[in-house]
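As written, the chain order gives the labels A, B, C, D, E and F, with residue 1 at the start of each chain.
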Amino acid sequence: MSIFSILRHNLGHGSRTRKPDDLPPRAAPFRGLIEQDPTLCTGCRNCSYVCSPKAIQFDDTGELALEWAYAADQCCFCGLCVMYCPTQALSNNGVLPQVGHDQSALHFTNEVPYHSCISCGTQMIPIPAQAAAKFFGEVTENTEELRLMCHECRRRAASEKIRDAFITGEKS
Amino acid sequence: MTEILSLIVGFLIWPGLIVAAALGFFYMWLMRKLTARMQGRKGPPFYQPFFDFVKLVGKRSLVPRDSSRVLFFLLPFISLTSTVFGLMILPLPGSAAPSFSGDLVLLLYLMEMPVLCDVLAGFVSRSIYGQVSAMREAVMSLAYSVPLLASVIALAQAADTFRLAELHTAPFGLVTVIAFIAFAMAIPARLKSNPFSIPNAEHEIGHGAHMEYNGLPLAVFELSHALELMLLIGTLYVLFLPGTGHVATDALVYLAAGFAVVALVVFAKVSTARFTVKSALRFYWLWGGLAAGAAMVVAIVS
Amino acid sequence: MASETDLNMNALRERLESLRGATSFEERCDGVWMEAPDLDVEAMMREMNAEGFRLATMTGRQAPEGETTIMYHFNRGPHLLHFKTRSHGGSHPSLALVSHPASWCERELHDFFAVKFDGHPNLVPLFRPACLNEGFFRDDITPENGPENGPEASQA
Amino acid sequence: MPYQIPIGPFHPALEEPYKLSFNCVADTVDKVSVDVGFSFRGIEILAQKREWLPAITLVERVCGICSNVHATSFCMAAERIAGIEIPKRAQYIRTIMGELERMHSHLLWAGLAAEFMGYETAFMEVFNLRETIMDMLESISGNRVNYGMNRIGGVNRDIPDPLQYVSTLETAAKTLEKVVIPAFMDNPTARSRMGGVGILTKEDAIAWGTVGPVARASGLAIDVRSDLPYLAYEELGFRIVTQESCDVQARVVVRALELLESIRLIIAALKGLPAGPLRAFEGLPTIPAGEATTYCEAPRGEVFYYVASDGSDKPARVRIRTPSFVNIPALEAMMPGQQFANTSLIQASVDPCLSCTDR
Amino acid sequence: MGVLTKLFSSLMATSRRKSPWIYTINSGSCNGCDIEIGPCISPRYDAEQIGMLRHASPKHADILVVTGAVSKRIKPALLDIYSQMPSPKAVVAVGSCPASCNVFAGSPVLDGPLDKFIPVDIWVPGCPPRPQLIIDGIAKAAQMLADGQTADQLGKKVAAE
Amino acid sequence: MITTLLPSPAFWPTALLFGGAILEVLLAGFLSSRGKGWLAFIATAAALAASFALLPAVQGGAHLEATAFLWDGGAPLTYYVDGLSVLFMIMGTALGALILMFSIGYMADEPSGTTRFFFLMLIFIGGLTLLVGAQSLLMTYFAWELIGLCSYFLVGFWYARQEATDGARKVLLITHIAGFGFMAAILMIYAQAGTFIWSDPKVAASLSTTIVILLLVASMAKSVLFPLHTWIPEAMNAPTPVSALLHSACYVKAGVYLIARMYAIGDWHPAGGAFLLVVACLTMIVGVVFALAQTDLKRLLAFHTVSQLGYIAAGLAIGTDLGVAAALYYTISHALFKGTLFLCAGSIQHATGTRDLRELGGLYSKMPVTTWVWLIAAAAISGVPLTTGFVAKWLLLSAALDDGQAVVVMVAWFVSILTAFSFMKATVSAFYGDPSPSLAGKHIHEATPTMQVGMGITAVLCVVFGIAPQFLMDPVIAPAVEGLGFNWQIATSWGGVLTRAGSIDVSLGAIGVIVFSVVAAFGAYQLTRSRPGTAVNVFTGGESLPEGDRLSATDFAEMAEVAFEPVYKTDPDPLWLRFGSWLGAVAGKVGQTALWAEDKFIAVTLAGAAVLCVWILAL
């Protein structure tokens, strides 16, 4: 097509322009703002580790909860945090970040509340029930107990359980 | 007294400043819109050139260091007023133009003023890009003046008059056709539109002579540019289109001439890449020169 | 063109091994490496030019005692050659006059590792902003030279 | 008396900041000096402070235009050190992403080149076509730029339904052949701006060590995809494109033909996308001590990575040599004797990528 | 008279809203944002529909669009160009880099973030933001100009470093 | 037969000037160089008054005839003073007076030679009055060569400088050789008509094509018409007042006078009109195109003289009443603005010690008066409305249009655009922008008061006659044109508009436009300027330019050179130089022969050979 036919074609076929508010459809894997479900977070800090710009940070100075802070104006929207989150606490729903004057509107924080370890009573973050299967292979009554324990107690409990199994096995 | 009053009306309202500015902005918008549509875009809204102008008026203007404040502010206004003055002496439909012998010469002078102002603006603003642009504009003006002047002078020669009003009513002939071709050739370069957007080639020297201009002086330059388009359209109408003597029909012909010029310029603009100075010079001195020569020969022979 | 003729790798290898300061070759998955701390780089460049090898780039890496490991990476079609040498007393012979691509690489290494390339015609900063010391990639040099030192200080 | 006129660091002809200082006599360029480093971000030094995984994200931002090839090269180097063999499917996906990226980069370049020669309509047509490629990239990776597809040991994301893109690509090829290429090659004004302008002779191209389309437009058959086939290029049967006329027009033709070749490669890869896992392993990589180099063909030419590991969780040294780093100095050989008006086009014709050069 | 003044100021506000002319500065970005500003004038997004034009001279511009994390080499040029823009003017920071240096945080050759040097009116987050978001940011900045709410109009300054 | 010492007022101007020259020599020992200057000025001013006194006598085409004394029966020293003569007398003496006034300050610092200078200047001006008054062609020729000789001495004023003497020699060579053509023409006229008195009708009858062409060639050399214009840049090595006088009033206008006078002699137009028109058009273009390429301020002005003389010649070549009137008006107008420009150039050179545009710049702050004077004159030469230049161009264009000479209109128009560009460049390079580095450390001072008055008056006149050209047209131009036998039907009005009706509005409108522009610009400045002290840098892409980097006049010139490459290739100068050196060689050889032979006959042969050469060349 010569330039003239291009021009004629364009004149005859209307504009290809979208209105400012008429956004083209976003594809399914679109990487927008990440959202955190604090109930699923285990405070493992994988998300913070894989985050190159350090847009995700944890603040453990609080007494009652671990603070998860996400700065969307620092985020590079690479999606690694979502990919490496062991409990799917982070999700990416393709939400566009907001344009605006207020930079603080792009800072999000969530509090992941501490629980007392059912065994020793130290402040800890339990493993969420939804993720228990992934952690413990299969969900039993025992795992329900284990996921509410702190790391130390869980280790101890696990080793006790192994020992018990060993002993019972010996007995039988 | 009424004469003076009619001059003031002619200067300020029609065919001078206000109506011409409105029409000029309209044509400028039409150019942008048509360009956009030919490129498959939506283009700017109807009022865009007007709002651009008002916005620029409302800005604080900055004078670049070491440049003459007087000239910096004066040049756009000289450009504007000489263009308006040029419009005023055109015998457009319904205008009370003071027709006198040799007003064609005055018109040509006035048409050259904005170019000179641009060149000077390029130098005065101390911008290296402006200076290059001024050089280019000067050279370009030499290039397109060949067909432009030749066409006007050939017409005058053929009609044996240098009075615009008489030229307007002069009979149609072969010389009109050839002169029109030469004239049309010069229009894109005169408007600094592609492919002859050489003095304001954005990706080479930015905005050229207007690089340092801002705020109100820039707004006045923009207005002056819109009026230059009107002046060209007006000249084209007066020289090449027949006057019927009836104001309404004349006005329609005049408007149609405007649309035609806009279409021509836009078409040239969207279908080409920009020339370099050398190739533009070659184009005008060869093809423009040929058209000019043909127009002159026909004018002298007939 | 050189690459259209067949490259006799073995012959080249022998010639390169005869260079002053040359050591033996090592074949790796990413080409042939030659570690030679005292390599005569000018002779190396001549050999490479004669064989139609192209200098892809030079890599610097911090070495102890203020020295820098300098790697020359050459290629020619599928053949890759890497020479690993090092600076002596913080300086190194320049190849900028015999090879255009070396010029910017050496300026860059000068910026990053403060390697002084002897004979470089124009060893001015390529990337380094004036407020940083040359060799700011090294951990034995403080990067910032402070606002009061200015560019003159960093030149010196 | 020669005067000096700068283009840059900020100038409409430059997408990125760098500075060309021209010594002009009248309208003719006498000498040019190139000044870079304006967008120097110190990525090489930052990469040594990042763990392997965040370092991929970092090197991806060496350049927004050819982000994927940087991540691929970096991962390939790390894989080479660790001796990881990545699955076939991952290789194909990397290839597809690389070629799609080349397409959007070449189209971007073509649009800008058109704009710099004052040919707005061609710019609009090219950018319109480019949007379809961008859509495709977005629908695969979830972002229009900086795709985040690579990880050490494979790729992050799959292409679940590869055949859906084939028809779009075929349309794109048709648009290229019917609209974009004629808009450049059949328009006398455009041709007059490109033909014989910015000549880089074959000898100069060798002497300055140019790579990529610039070298190929000067008749040098240099392409990592054919010289050192990596990923899936050997299986897909890559065909190199060269031109002999050494001017801006040759660079346009090379890129145009490469676009068509890319479309062919992508369609072949999409159709032949092998089944299998996306990555060699899950979780975080461990890279033993060692060093490796990789060459990849970015849109602008060969990218070179040298990566060294000391066995820790961070790279010990990352050296990035981008194609623009060697192509930009060659401007000094192209500019003298040219009209000043052509300089913006000539500098664009090497497709200078300053974020690549400066890092 | 009051009516006239009111009319004029409302006309001025509309004009400022409808005619955002931008000047873009790449202050050391990865050019990802810059290649997303380019398509803003392409047929699909066509920012000219809201009156936006990209200008080659900061003196013509109303809105300064900054990408990148302000490298040390660029900083003086950035400040100079900002001072060359006639008032009223707005600043739009595109991408994460000007807001926080993004992945480049901690680099010794960067001086960011941007609001250490010039007051920023609109933040457009993203890495890079999509073209619509950039256009949206420019439109919002134009709205701020019309409302007289930009830092320049309010006389806000950044604290000197 | 001398009845009184000064038998007729017609002689007074000449007598006063020559008398002044003699006084200059007599009183040389008593006067300071300033005193000598004042003396010369007073003599010229008196001559100016005497010239004005002649004006009433020549109104309506009348003329005075007077005989001072009879030499021999056939060669009386007779004056024939008509409007044309008076016009040139007034022009010569008026410009002469102003330039001499300027010279008082200019030459004050000259260590030696001021007597010689002022003496020659007075003779120079006197020579012009003699030229335009003489009735006998022989006397005309005498005056013609007298001013040629004066210019030779004056151009070579600084005879110790090689380039000055070389320039002087070139001036002499080209104009003098062409002058032989004049002599040959006179001899041919005498051969046919038997008289040297040009007002004799027999002379009219004897005008053949050959004679006309010979006269035209002589005028072309004097009036720097292409291709005999090449001597003029060489004359630039003279002191500036000399250049001013040479260019504006006396020297180059002699040729104009001769061509105009030919109308009074007889109907030469069919024989040479077309030839002259072609030459004029070529001259306009060549002059201005070369001017574009100049960087030396005075050379630039010199080439503009060439192109402006082309305009004047075109007016004369058109040969209608309007054409001749335009040419004469242009002559005066050119004298005014070119004189002014040269004086400005002189004052710049005086202040800065250079006239190279590359080394100038930013003089506005140092020399405001000079700047404004220059601006006015530059506007005038560019044809800006409300200046004499506009009126002159307007008249010329009208004449060409009326005569149907469309090509002339086009060329004139084109050239006036180029002129404007050239002056824009010169103005900006010299007066605006950053001061050039080479001026740093120099003490730049404004011109002395007498210099200011000298150039100020001419500048004011540029505007006065631009606004009210009728004050010049009716009393001075009209009698001159009528004296040449034309029927005066031209009515000029304010602003230079040829009146039929309604034109006064246009002039008023033009003034209104300027007032409007100024007021609007001022208002705009007041309304929208930023806070004081907020001058911003020029946008240079983010980094400042290297120190002192700017586009100079040279760059513009080089751009022009690219555009006009073919024109510059056709420089006829080498031809003349070769001719000159050849002639020199021949003369040398012949001279040796002459010495050897001790025979005067050979010198005559030499002159004959030279005449022959010109003859061959002219045909």
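Methods note: a contact is a pair of C-beta atoms (placed from the backbone, for glycine too) under 8 Å apart; a residue touches a chain by one contact, two chains touch by 3 or more.
From a predicted model like this one, the values you see are computed outputs, not experimental measurements.
S.K.: Chains touching subunit D and subunit F alike, please list them.
M.R.: Looking at subunit F and subunit D together, the chains touching each of them are B, E.
S.K.: Can you name the chain that lies farthest from subunit D, using the mean of each chain's Cα atoms as its centre?
M.R.: F
S.K.: Contact counts by the stated rule: is the higher one at A-B or E-F?
M.R.: A-B
S.K.: Could you find the chain whose CA centre sits the greatest distance from that of subunit E?
M.R.: It is F whose centre lies farthest from that of subunit E.
S.K.: Could you put a whole-Å number on the gap between the CA centroids of subunit D and subunit E?
M.R.: That gives a centre separation of 28 Å.
S.K.: Counting in whole Å, what is the centre-to-centre distance of subunit B and subunit C, each centre being its mean C-alpha position?
M.R.: Between these chains, centre-to-centre, one finds 60 Å.
S.K.: From the C-alpha centre of subunit C to that of subunit E, how far is it in Å?
M.R.: Centre-to-centre distance between subunit C and subunit E: 42 Å.
S.K.: When the centre of a chain is set as the mean of its C-alpha atoms, what distance in Å lies between subunit C and subunit D?
M.R.: Result: the chain centres lie 25 Å from each other.
S.K.: Subunit D: which residues touch two or more other chains?
M.R.: Each of 3, 6, 9-12, 17, 27, 37, 40, 45, 54, 57-58, 61, 121-122, 124-125, 128, 143, 146, 187, 358 in subunit D touches at least two other chains.
S.K.: Can you list every residue of subunit E that touches 2 or more other chains, as numbers and ranges?
M.R.: 43-44, 46, 49, 56-57, 59, 71, 73-74, 77, 81, 84, 86-87, 102-104, 108-109, 127, 130 - these are the residues of subunit E that touch more than one other chain.
S.K.: Show the residues in subunit F shared as contacts by 2 or more other chains, in ascending order.
M.R.: Only 530, 536-537, 539-540, 542-543, 545, 549-551, 555, 559, 562 qualify.
S.K.: Draw the chains as points, connect those that touch, then say whether the picture is a line, ring, star, complete or other.
M.R.: other
S.K.: For each chain, which other chains does it touch, given as pairs?
M.R.: Going through each pair of chains, those in contact are A-B, A-D, A-E, B-D, B-E, B-F, C-D, C-E, D-E, D-F, E-F.
S.K.: State the interface residues of subunit A toward subunit E in the complex, per the touch definition above.
M.R.: 15-20, 23-24, 52-55, 71-78, 96-101, 103, 106
S.K.: Going by the contact rule at the top, pick out the subunit D residues touching subunit C in the complex.
M.R.: The touching residues are 36-37, 40, 44-45, 80, 206-209, 220, 222, 227-228, 292-295, 302, 304, 306, 308, 316-317, 319, 321, 325-326, 329-330, 358.
S.K.: Contact residues on subunit B for subunit A in the complex?
M.R.: Spelled out, the residues of subunit B in touch with subunit A are 36-43, 267, 270-271.
S.K.: Can you tell me which positions in subunit C touch subunit D when the two form their complex?
M.R.: Within the complex, subunit C contacts subunit D at residues 1, 28-31, 54-57, 59-62, 71, 73, 75, 77-78, 80, 82, 99-101, 103-104, 112, 125-129, 136-137.
S.K.: Give the list of subunit B residues in touch with subunit F in this complex.
M.R.: Subunit B reaches subunit F through residues 3-4, 7, 11, 57, 59-71, 73-74, 76-78, 80-82, 84-85, 88-89, 98-103, 105-106, 108-109, 112, 116, 119-120, 123-129, 131-132, 135-136, 138-139, 141-143, 145-146, 149-150, 153-154, 156-157, 160, 162, 206, 211-212, 215-217, 220, 277-278, 281, 296, 299-300.
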